[in-house]
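Provided herewith is a single structure, encoded as structure tokens, for subsequent inquiry.
Should a chain be cited, it is by its letter among A, B, C, D, E and F, assigned in written order, with residues numbered from 1 in that chain.
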Amino acid sequence: MDEQAQQRALDNAERLLGTPLVIPMGPGEPASGADFRALATAHTFGDSWTRTALDDRSRALVSVAIAATLGTHEPLRGQLRIALNVGVTKDQIVDLFVHLEAYAGAARAFDTYQVALAVFAEREGE
Amino acid sequence: MDEQAQQRALDNAERLLGTPLVIPMGPGEPASGADFRALATAHTFGDSWTRTALDDRSRALVSVAIAATLGTHEPLRGQLRIALNVGVTKDQIVDLFVHLEAYAGAARAFDTYQVALAVFAEREGE
Amino acid sequence: MDEQAQQRALDNAERLLGTPLVIPMGPGEPASGADFRALATAHTFGDSWTRTALDDRSRALVSVAIAATLGTHEPLRGQLRIALNVGVTKDQIVDLFVHLEAYAGAARAFDTYQVALAVFAEREGE
Amino acid sequence: MDEQAQQRALDNAERLLGTPLVIPMGPGEPASGADFRALATAHTFGDSWTRTALDDRSRALVSVAIAATLGTHEPLRGQLRIALNVGVTKDQIVDLFVHLEAYAGAARAFDTYQVALAVFAEREGE
Amino acid sequence: MDEQAQQRALDNAERLLGTPLVIPMGPGEPASGADFRALATAHTFGDSWTRTALDDRSRALVSVAIAATLGTHEPLRGQLRIALNVGVTKDQIVDLFVHLEAYAGAARAFDTYQVALAVFAEREGE
Amino acid sequence: MDEQAQQRALDNAERLLGTPLVIPMGPGEPASGADFRALATAHTFGDSWTRTALDDRSRALVSVAIAATLGTHEPLRGQLRIALNVGVTKDQIVDLFVHLEAYAGAARAFDTYQVALAVFAEREGE
């Protein structure tokens, strides 16, 4: 893998997440597991988040919408943190879930709004 | 939002769930979060569960089928409770999961049958 | 495969569909393709539709709900035909789609309601 | 249904789509089919698109992301038209599909980018 | 149900899982719940895993791919254990998740790779 | 984008597909559309299909399983062609769909088996 590209992806992830993206290897995980992390990081934080037609706020909204529609709780948590970090407001996140409820339904919206509630709680007082 | 419509939705939710539908605001949740809850409640318990071509039992079976197919565990739990409340039998719920296994597959059926088991355990002795 | 079980599944399919379930082999399809058809038929029309806790009408509603939630257009068409054959009314199908719109969202509901419209058109005058 | 709310939803749909939202009844469709259309229209164009925390452009991006992630082709087509109508650029739509490819995968992204290509073709010369 | 077919399915499950497949009835679960388990076991371990065009290793890879794409965590855990039991290597599982990341996206891949990490940890030292 | 990496991805795509991967720009498509194609090609044919823990046959089976589970018809068609090109037999593809029927259900399996039938017809006589 291209080291420069990988560094760009990690730098960009840190900028968006507010902390370095460090995912330690797990017990029993083969060494090739590092490739999985590196490729997934390059494809997302390297190849997409660095593009310029969409600003960070718009892309963060799109990210939250994709992860919520898929029902992927942990990735959604990360995207919600990024969204708040780049200036999406909590009210805008609520509006997004109202839209999700209309287009992807109440079952998916309730299923994933609990993740939003958990992230809102982390940011209490903001 | 129309207060009368909202009240109708809440009354209907209480009738189906057997307890008032009260979802307290979470820490750090913006005030607009109440709109999300109110709209989702209006769209489901107000606009759909009040219709009359399908009786409650039939609609409850449809609800369980939708939530199980989507794999939304918490919403499925609520729909299973409603189903038992309106007279769907446990044997009918099992038949529904047999049908889900055939049409939506063993992976999704096993994934969601654990929610049914949890609700069956709540109703032990019934 | 158990021939008696297979015959039971085919008989049951014919009862529900109103016509014999004959799926001819396709050009270039290997002989083993017949196993795929036979197993899928046995799992659905043999093992599930023959059960007795749910009556045909209830099971047909569940079937339509599963196929619509998955967004599988051709299987949905078949399930809608069965539903009308076993006595589900068009108004009940509309109620089901209203419920689908609420719980699985407007995008999936509009995507699949066009299949319902096509089946309604087949049964114009009923 | 509340006529004033319904009118507000239709007015808003027309504003976003650029043409009146008229969905004629189909042959054999029961009269209650009008309720399905009216409720789906109210939940989306009435209850969500009228909210103000998200501007139209942001909500259009979220809409496209939801419909593309679900793989609902016809609803996606409508959302793409709205997006272009409210000022989302074609380059921003491409960026959204690049993001979809990263987070929801190449299979879904290729499956739905063909809908974007069809809408781009409608707007050739813009 | 055919007892011989059921026994064949259970024997095959034990061969693949390395332990007998015993799923005890839950509290409050109706007796018919045993049918759900038996049918799901027959359809998977009886009717599919016993076929011979695909060898066990290939079918295990397909199984992991299906369960991961669906995002069904518990079934995925079982399929990963089977995969390691029949000789799929940890490096091959990582390659599968790299492929999943490319075709089904980073959100689903991260969501399900945590299940792989848990199974890798069970097999630490192998 | 790294030109060498892009060429490697295109070469690999040609090796697997048997013809050069040329996707012409569509009318009205913005120039940035080329980035979408290039990134999706790099992530799949460049970053994943070039890995070595899984052989081509195994990876092709995984690819077909992912695309079929997602219900993405056009991408599935491409993966089925690749599978036959790298030596997967038609009988093995049938076995895969039997497995899909068991784990992801008859609705999805019938929905996608029609794509397999179309590809089998292309290869009649093989």
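Just so it is clear, a contact is a pair of C-beta atoms (placed from the backbone, for glycine too) under 8 Å apart; a residue touches a chain by one contact, two chains touch by 3 or more.
Please read all numbers here as calculations on a predicted model, not as lab measurements.
Participant: What is the chain whose Cα centroid lies farthest from the Cα centroid of subunit E?
Facilitator: D
Participant: Given that subunit B and subunit E are copies of one sequence and touch, is their interface built from the same residue numbers on both sides (over half shared) or different ones?
Facilitator: different
Participant: Using CA atom averages as chain centres, what separation in Å is found between subunit B and subunit D?
Facilitator: Chain centres of subunit B and subunit D, defined by C-alpha means, are spaced 27 Å apart.
Participant: Centroid of subunit B to centroid of subunit F, CA atoms only: how many Å?
Facilitator: Between these chains, centre-to-centre, one finds 38 Å.
Participant: What are the residue numbers in subunit B that touch two or more other chains?
Facilitator: Subunit B, residues with two or more chain partners: 32, 35, 39, 43-44, 47-48, 51, 53, 66-67, 70-71, 75, 89, 91, 94-95, 98, 100-108.
Participant: Applying the document's contact rule, which stretches of subunit F touch subunit E when the two form their complex?
Facilitator: Where subunit F meets subunit E, its residues are 43-44, 47-48, 51, 53-54, 57-59, 61-63, 65-67, 69-70, 75, 89, 91-92, 94-96, 98-104.
Participant: Which of the residues in subunit C end up touching subunit A in this complex?
Facilitator: Its residues touching subunit A are 100-108.
Participant: Show me the residue ranges of subunit A that touch subunit E in the complex, using the header's touch definition.
Facilitator: Touching subunit E: residues 26-30, 32-33, 35-36, 39-40, 43-44, 66-67, 70-76 of subunit A.
Participant: Help me check something: in the complex, which residues belonging to subunit C touch subunit E?
Facilitator: That would be residues 2, 5, 32, 35, 39, 42-43, 47-48, 51, 53 of subunit C.
Participant: Can you list the subunit E residues touching subunit A in their complex?
Facilitator: Listed in rising order, the residues of subunit E that touch subunit A are 71, 89-91, 94-95, 97-98, 101-102, 105-111, 113-114, 117, 120-126.
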